[in-house]
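This report refers to the structure that appears directly beneath it.
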Amino acid sequence: MGSGTGRGLSAAGLASLFAIGAVGGLIGDMCHVESGTTVYLEDPLPYVWKSQLWFPFMVGAGTAALGWIRVRIDGGEERRAGDADRLRRAALMIAAVVGLYALTALMRGEPQPAAIVLVYALALVIAAAFATGPGDLVCACLAALFGVGTEIVLAAADTFAYASDIGRFAGVATWLPGLYLAYGVVAGQLGLLLAAEPREAPPSG
Amino acid sequence: MGSGTGRGLSAAGLASLFAIGAVGGLIGDMCHVESGTTVYLEDPLPYVWKSQLWFPFMVGAGTAALGWIRVRIDGGEERRAGDADRLRRAALMIAAVVGLYALTALMRGEPQPAAIVLVYALALVIAAAFATGPGDLVCACLAALFGVGTEIVLAAADTFAYASDIGRFAGVATWLPGLYLAYGVVAGQLGLLLAAEPREAPPSG
Amino acid sequence: MGSGTGRGLSAAGLASLFAIGAVGGLIGDMCHVESGTTVYLEDPLPYVWKSQLWFPFMVGAGTAALGWIRVRIDGGEERRAGDADRLRRAALMIAAVVGLYALTALMRGEPQPAAIVLVYALALVIAAAFATGPGDLVCACLAALFGVGTEIVLAAADTFAYASDIGRFAGVATWLPGLYLAYGVVAGQLGLLLAAEPREAPPSG
């Protein structure tokens, strides 16, 4: 699975992805909790900012997993870029997803059909702007499947709930798959950006 | 008119443009109807989803016409790109316009001057991000002229109406020309993406 | 300071930057005043549209200063581009900042934590999309420092005020530094776009 390219995520790269996902998740979840979009119904664990401890762990682990998967699929295809350009691209992608996350927190009280179309359209803008290969589709689908699936289970277990004035299906917001699709593409692309250089340079002679 | 380049839209290309425009129009119009931004006052024809049958026909035909015109103007200039990249660019442009369409459906109840500036600014972002030549300006102006013109006539005929709490001129929303300008650029660019390869390869010997 | 590159802003270039900043500032301030986001408490000077005369002067002068500074820092690095492409890029950047300005005028009545995260995320999207070098960070910080600093002083002097239903610090909106950061990057980049060609071609022999 691509190991022949000699590229992969180091432990430091995986830790960075975990940290980015955890912090981004905390910021977005704060928006959802403060706006009443979501509410925690059970708090067996301590709160971190506005989130139950399991939430940043889930998003951080998911981000690291998606980055690892993305590099496995076609990490060798990535174009080389300077450090400044990689940082700029990472900031752009992270800001886009956090912005979409915050936007979903402003959709209470809005006409829900238009709000839902807006979120999916922006998710597609983000996905199409940053995707570079078929691996991004895989990451987007995995993020939507596991992310939304987990939230459906937790909502059914009354661990937390979405506000009743939001368009919902199976207990979660109708726009939720869109948010996870965009997140999945970006988490995978962050993996590509953080992938280690070849550990051994090819012999030059 | 550019026929010397040997490139043009096939019947399948025109049908694709019609379909994209019709479906995009249905999604956007659904947002407008559900949010009360617009209301149909006469329904001589059957409804498709939330739209009177003439609406998706109008947007579909307009999209095909704009694509055809755009290719005529300077279709030969387009850079070649792989199929994956063309699909990605098409998705990006379509999502951007549908997103702007949905956003306009959220502008009731907002301070109208700021809402109007926001829509025009985003329309300019879309136009400037995707335009590649003077033909895009032509398509943007044609779309605004015919689209807004048609809506003014239909609004005057009481076929439909914009909500009274929206900033309006001549019976239509003040932000409407902005939406059509962005749509015109994207419809033209979709034409370029779908333009057929040269029908006859140049002799190789 | 970079004068060896032979490039710089002409008087016409500085005047263009002043005009762009003044007009953009007037449009944005109109959005803020019309939405009640800000209100002028003292009007010693005549109004231009909805702004006290000092406001467009401040934004125009700031834009010219930031453009001038940006060219000093690393103006020589800029890639050459055709006039059409430069116009397109200028329109894109200006529309993005004016759009963000208008969006901030729609944040009254929204849950403030999410509104603030949204504005900062979009500011970072704009900064990361258009920045090309370390000079952009300098311009962003200078704009935030002087822009926010000036507004804090003027708010403290009761020259104008932000609405009390907006998240605020030191009398100004909490999202204000984000708006200035994005503005600073774009003002600097407009300077680069307008920088004059070398006044004397290097000797060719």
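Going in written order, the chains are labelled A, B and C, and every chain counts its residues from 1.
Here is the rule we go by: a residue touches a chain if its C-beta (ideal position, glycine included) is under 8 Å from a C-beta of that chain, and two chains touch if they have at least 3 such contacts.
Just so it is clear, the model here is predicted, and its values are computed rather than measured.
Looking at chain A and chain B, the chains that touch each of them are C.
Different-residue interface: chain A and chain C share under half of the residue numbers found at their contact.
Centre-to-centre separation between chain A and chain C, using Cα means, comes to 31 Å.
Chain contacts: chain B has no residue touching two or more partner chains. Of all residues in chain A, those touching chain B in their complex are 110-115, 117-118, 121-122, 124-125, 127-129, 131, 133. Within the complex formed with chain C, the residues of chain A that make contact are 27-28, 30-32, 34-36, 84, 88-89, 91-92, 94-96, 98-99, 101-103, 105-106.
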